[in-house]
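Look at the two complexes coming up: chain A is in both, with chain B in one and chain C in the other.
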Partner chain A sequence: MTRSVIVVGAGLTGLYASILAARRGAQVLLVAQGRGGLALSHGCIDVWHDGDVRFSFRNLDPAHPLAGLGMAVFQAALTEFLDIVQEAGLPYAGGLDRPMRLPRALGTIRTTAAAPVTLAAGSLDDKTPIHMADLRGFRDFSANLAAGRLRTQGVPIGGVVELPLAEVGARDAYAHELAGAFDDPGYRAEVCSTWKPLLRGVRRLGLPAVLGTSDPTQVVADLEAGLGVDIFEIPTLPPSLPGLRLERALRHRASSIGVDVVEGPSVRGEIDGRSAGRRVSGVVAATAGGPRAFRADTVLLATGGPAHAGWMSFANGEVQDSVFGLPVDAPDDREAWTSPDPFESQPYARFGLRLDSRRHPCDRRGRPYFENLFAAGGLLAGADRTLEGSRQVIDLATAFAAVEAMLR
Partner chain B sequence: MKASPVGSGPMSIDVLAPLSAGASGLAFFESDLCVKCNICTAACPVAGVTELFPGPKAVGPQAARFRLPTRPEPDPRVAWCSGCGVCSRVCPHDVPVAEMNVIAKSELPSRGVRALRDSILARPPEVARWLRPIRLLGRPAFRSPLLRAAAQRVVGIARRAPFPVVAPTPLRRLRRDRIRSRPPAQPLPARHVAYFHGCSTNDYEPWLGRTAIEILERFGVEVSLPPQRCCGLPLLSNADFAAARRRARSNLESLQPWAERGIPIVGTSTSCTLALKHEYRAVLGLSGSAIDQVAHATQDFFEYMEHLLAADGPHPAFGPVPLRLLYHAPCQLRSHRIGTPAVRVLRRIPGLQLELSLAECCGVAGTYGLKREFYDVAVRVGADLMRQARASGVDGILTDSETCRWWTETHAGLSSRHPLEVLAMSLGLPDRRPRSGEGT
Partner chain C sequence: MRTATPTSIAPTDGRPLPANRIVTTLSSDLLVIGAGATGLGVAWDATLRGLSVTVVEQGDLGQGTSGRYHGLLHSGARYVVSDPASAADCARENEVVRRLVPHAVEPTGGYFLSTDDDPPDYVDRWLAGCRGAGVAVEELDPAQVMRQEPLVTPRLARAFAVSDAALDSFELLHALARGVRASRGSVLLRHRVTGLVPHGGGMLARIVSLRDEVALQLAAPWVVNAAGPFVGVVAAMAGVHLPLALGKGTMVAMTSRLTQTVLNRCKPPHDGDIIVPVGTVCVLGTTDVPVRAPTDLTIEPWEIDLLIREGQALIPTLRRHRPLRAWAGVRALYRPADDRAPTRDLPRAHVLIDHAPEGLPGFLTILGGKLTTFRRMAQDIVDRVSERPCTTAITPLPAEERRFYRLGESLRRPPPTQSRPERLVCECEGVTASQVEAALAESGSDDLDDLRRDLRLGMGPCQGAFCTYRAAAAVAATLPDVPLDGGLSAFFRERWRGIRPLAWGRGLRQADILRRIQIEALGADPVDEVVR
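On to the complex of A and B.
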């Protein structure tokens, strides 16, 4: 019989989990208050800040959300992700064993496991000198800043070029507006003829990631053919195209394989009154007309961390997950939530829900709150995702483990 | 710990008891909730195609921080907002961006011929009343390039925008037998709905209302036509809040007795039902038990169909409909925040292949695309949908809102139907749509 699943949250965790569950034959309803944090992301799949996955994963604290999952789960989660984005027409390159080093807009270096092919083409393992390009009228990227700081780290920099754009007019352009212009093959041809004389001697060109809304691979191929240089993209400030493209690709993929996407309402959890408090029955959504209940066999919380309101702190001192009100362990003394040094690990980053071995949120003694409630992603306790550089691997691996557990 | 059994069963959706006023969180505006993440700007279909509109955030929560409540000075560029509501729906912080912008738009000065045109477009039932006696002239007039060019030049109605022709007999006259001024005395039939057909179905597409009634009757539902006026949404989008409030109050007065009795108010026009559920409170600022009861009782036709199908059967059998159709959820339906109930219901029809639209908006957004100054922008907004419709080789388009249907039919060159027409086919009900050129 078909199992029904409600996934709450439409970030990387929720979108990916919905697709996984639908691929395994479940009837899936994805409900989210607004579009998830993925729209603000760089679009890469980071696994650990130094790329040393095997060492780091063997030495995880037992409270870490990845502890106990094992390399086989990471491998399977990433492989299926790569498969899904390929089907969705947004191919990625990479793998767990070959960490890539990619330039960032601020001239620092990202170590990542997988990236859209148009970003992966900027791998710093390739020693061909890079030219960085400013697009005139686009203020969210500075070629000088990126090139200057990369050079001090030993990256071979050929120089900086400034390239004109036909579409930029009266006001500052957003990245997604330029991307819309590049969607048009005619615009790309025009760009090639304007840029070609400005790119003499350039072999490899880094551009801010504005090359198309949904098919950057084609845009880059056309520009490379027209200009005779190798091209790669660098993600810019939000709204950042690689994140927007991934969000769109996954959302469209989800609806095309039958996931019902309910966009907009906030939700509260609903407990099954006939189960002596052992089961949840679904969620109650704040729709335009009023509260409406959506019910299913299982619920997966993919609501994210504190920045995404997956858990919240209330004036009365309670700290709770925002859907079922499950308690989140946090010191009473709010001063202890943060460290004085903003660049150090922040204690609050590790707050969240604890899971038992079957991926159910559980109390301190390991007893699950509900038999059919699961959680994954940024809502889980025990990781400082920013400092570890583990955000996306946690999203994918814990979503994968949760879906496997709930459809078992 | 014992193995936790994962139960099985169909997904179900229930209507719960209403919360108090403003429970949707949208009754008052909080621009300070905006963290300027620009997710709305990136999703806005209008900002994506014209430089003249800086995006919902810039003219909305960002500009609102500099407005005094007593002296609103909206950024005039807010005029480019089509009112599709995508921004509010995608906002992760529940900022009512679109609602702020509709209100800001109503404060823009409007004079002369454009004000006259807007007040005509805002009154579809009155227009139908004037045009019905001369309806036979309507079709040739709307098709005459000369007259349309003149209308564009003189009153600013886009010459390529589609307009429906007034039907000879309105729905309320065709189904006079169903009109009830108040809910029947006890006892109520087990299943009973008050049908809010809206003015478009009454005056322009009465066959759609007949079909909706026949489907409901096939499911054993007693249908009543309560007294109703235009929901007021066209007035609201054309900045006449005072007139919109008058219609709203009159509708609340006639619908509240039904809502109070727990009778669902079911609508086939997603924009009318959205007005009852949401705009009366969030934009017109109405509050109180009448609007809360009515908002809570109101359901989209397919939202109600889901309840019928979830209830104990037997249900009428769904026959095969061997068609491939592209379903586009109108932006007003998406603002109900209930997902796409039509898709959930139509998936039960054997043989029907549904392709889903990937576009945010078809472009017309009510009356926006009908106006000369916005027409080109509306066409560009809808370009993705029209491209998808043509490239996918589907037999036609399905979309729940009348303005989206008229617009997509003209701009995609494919027939465009309400999803309930396909449901009627599946149930073997007669096709009530008039042959081209005829009336009902």
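On to the complex of A and C.
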């Protein structure tokens, strides 16, 4: 019998879970309130800030969203993700056992498990000297900041090269606009002829991640051929192309394997009136034609964390999930939600839903709210993902575990 | 205990000065401690009367209480019942300030609104007070106010127009500093007075640069202590104890300009009784909390809740709008030992203390007062120092040559001449790349918080999520010896302080987006001391 699944949320967790469920034969409807959170993403799959996956995961707090999942789940989730993006035409490089060190826009170093190949080409294990490209008129990447800090960490830096951008002139260039220009082979050829004389002595060139909206691999291949240098991309300010490309690739992949997508300005959960409050029946989405109810055997909440309003908070200290209104534990005193130093752990970042062993949102005593409601990703309590560098591994592993539990 | 010789002065921060620092001794006719509106007003007045003046300020222009207020140029109507003398002062100075710094004043006008919940008998006392203090007031039909300001509560009993306005104190302070410098006075920013002793009929001050710790001495026959909340600290250096009450006022800026006119509750002065439109936002003011130290600027959640709750009496839909940022300022009021009144009820008129009877001839302390009356206070002080007539009421301050619009001021002034399209660094506040370059060249400061005060960079709805990296890039490209991240981490930390009190609902979402962009996307890390 075909199981029907509603996934709420179109960020990394929701898109990935939808594809997993569809691959396993479920009939999937993805319902989203606006676009998902991938425009904020650097596009890499981070597992832990220091890359030491095994040690870190063995020592997890029991309240952490990854606690109890185990290396096998992380491995399986990442492997299937790499398959999916390969099929979607956005190949990634990496794996849990081979953490990569990649440059970031401020010249600090990201340790990550997997990255789009155009970013992975910037691996700092390659000791070829790097030249940083300063694209004139593009303000969201500073070659100076990136190169200066990397140099102090012993990364071989060849220098900063100033490169002109055709069509930009005095006005501001935005990342997605530049990426659109690079989609055009004619623009790429023009860039090659302008830049080539400026790149004498350059062997390896770091550029902001603006090289195409959907197929950066081809853009980079063409530029490398035309310029005769190795090229890699560095993610920069949102809207971030590596995140947008991943969103586009996963959405396309989801549609092509039969996932239906509905977007509306609001999504509210519905409880099954015949189940004595034990089951949910689906969701009601506001659509252009008015409110529409969608029903399914199971519902997966993948609505995201604080930045994406998976939970909402109020001046009176109440916090609740934004689809079913499930209560989220938070101190009454709002002052205790944040701490003074943003580089220190933030209590609010750990707010969210807690799960029972079968991946159902549950109350403090471990009793599930509904027997057919599941949750995954940024909405889950227990982790300051920003400090841990654990955002994507939580999204993938908890989505994987939820889909397995839903279809069991 | 006062020390007798300057060489034995100990710095107040507890760190002894390196003995090998070269100590230069300078002299001025007048030393002013504190570059708030009062201190700069004194300095400007004195330079116009031909005195040589040095101003010493431990922070940046606008970093103290003058930059931490709600943006109101008082009509005086707020004080007509509680403090008629102050009200009369305000009414007179309101006119003067508009003439002195027209570019810093937005003539919004103000309303005093008595709602159905306010004591009706207060209105009559208030009207009598306005007449007595010479504060111009005109009664309006409440329906007219509601047409003008559609978000204002319909539960209006009576409404009055007064001549309140929005005054940009950053602009005012910059104009005053330009005025002082134009008359060859000097303004030393990020310098701190660390010792103060009598010297040859005047005073000798030891001054340390907070940037490079170089020390200098300055001898002056006159010293004016205009250090705002720090007046007690400065006086203590000279061995004088001042009985002070320190009061903290908290303000909240809402993301949009919900009113075009200053809105006041027509009732006895109380927490949260005013909303001031300033630029693209509107500011709810204020609370009044006794604090122990001039640096105690911590904002508590109940203060925010109170300001929004009280503001809803004027704009009922206020809770639906997003609070953008909160800040607090500390003021010092003079309180003789036997007086236990709450600070709000202490007289707002300024107090001038001459320390000559304590054996310190030439040493004056000024405290209290309001930004609106800064010029009048300065005149009182400089009258003690100079026989020449005061000319500040009739001398316009040198206006900045304005090359760009600021959001919210468009169409009121002649267009700035501009030859080419400009690149934006901060979309929220419309700050351009060449403004950032010019500000960096002028100040030489790598502190992005100084750029914020100069340009409003990072003060808009995104609170620096996007512009900080761009500004840091400009700092790194322009200035030598800056932190390797161009000051980004330090600025991010500073912004976080202002965001924390508002971290719920959409404010918390925005805070998390800010943190994710700085740390996850760009790779900011807590080590901000690394200098290139």
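The working rule: the second predicted complex is superposed on the first by the 401 of 408 C-alpha atoms of A that agree within 3 Å, B and C clash if a C-alpha of one lies under 4 Å from a C-alpha of the other, contacts with A are read in each partner's own complex, and residues count from 1 in each chain.
By our rule, a contact is a pair of C-beta atoms (placed from the backbone, for glycine too) under 8 Å apart; a residue touches a chain by one contact, two chains touch by 3 or more.
Everything numeric here is computed off the predicted structure, so don't read it as measured data.
Upon superposition of the two complexes on chain A, no clash is found between chain B and chain C, which fit side by side.
When the two structures are aligned on the shared chain, A:L40 is found in touch with chain B and with chain C.
By the touch criterion defined above, A:Y348 lies against chain C but remains apart from chain B after alignment on the C-alpha atoms of chain A. Legend: residue contacts after superposition of the two complexes on their common chain; A:L198 is shown touching neither chain B nor chain C.
Once the two complexes are laid over each other on the shared chain, residue contacts for A:A166 go to neither chain B nor chain C.
Judged by the touch definition given at the top, the superposed model places A:A189 against neither chain B nor chain C.
Contact with chain B, but none with chain C, is seen for A:A293 once the two complexes are overlaid on the shared chain.
In the superposed pair of complexes, A:H176 makes contact with chain B only, with no contact to chain C.
Figure note: vertex chain A, arms to chain B and chain C, all at CA centres after fitting on chain A; angle 90 degrees, rounded to a multiple of 10.
In the superposition on chain A, contact is made by A:P238 with both chain B and chain C. Superposition on chain A leaves chain B and chain C with their closest Cα atoms 6 Å from each other.
Chain A residues 40, 170-171, 238, 308-309 lie at the interface with chain B in one structure and with chain C in the other. Chain A contributes residues 40, 42, 104-110, 137, 139-140, 142, 144-145, 148-149, 152, 170-172, 235-238, 240, 305-309, 312-315, 317, 333-335, 337-338, 340-343, 346, 348-349, 386-387, 389, 391 to its touches with chain C in the complex. Contacts from chain A toward chain B in the complex involve residues 1-4, 6, 27, 29, 31, 33-37, 39-40, 169-171, 174, 176-177, 180, 238-239, 244, 252, 255-256, 258, 260-266, 279, 284-298, 308-309, 356, 358, 360, 367-368, 371-372, 406-408. Across the complex, chain A is touched by residues 300-301, 305, 308, 319, 420-425, 433, 466, 469-470, 472-473, 476-477, 484-486, 488-489, 492-493, 496-497, 500-501, 503-505, 508-509, 511-513, 515-526, 530, 532 of chain C. Residue ranges of chain B in contact with chain A, taken from their complex: 1, 4-19, 23-25, 37-39, 41-43, 47-49, 51, 54-55, 88-94, 274, 276-278, 292, 295-296, 298-299, 334-340, 343-344, 347, 356, 358.
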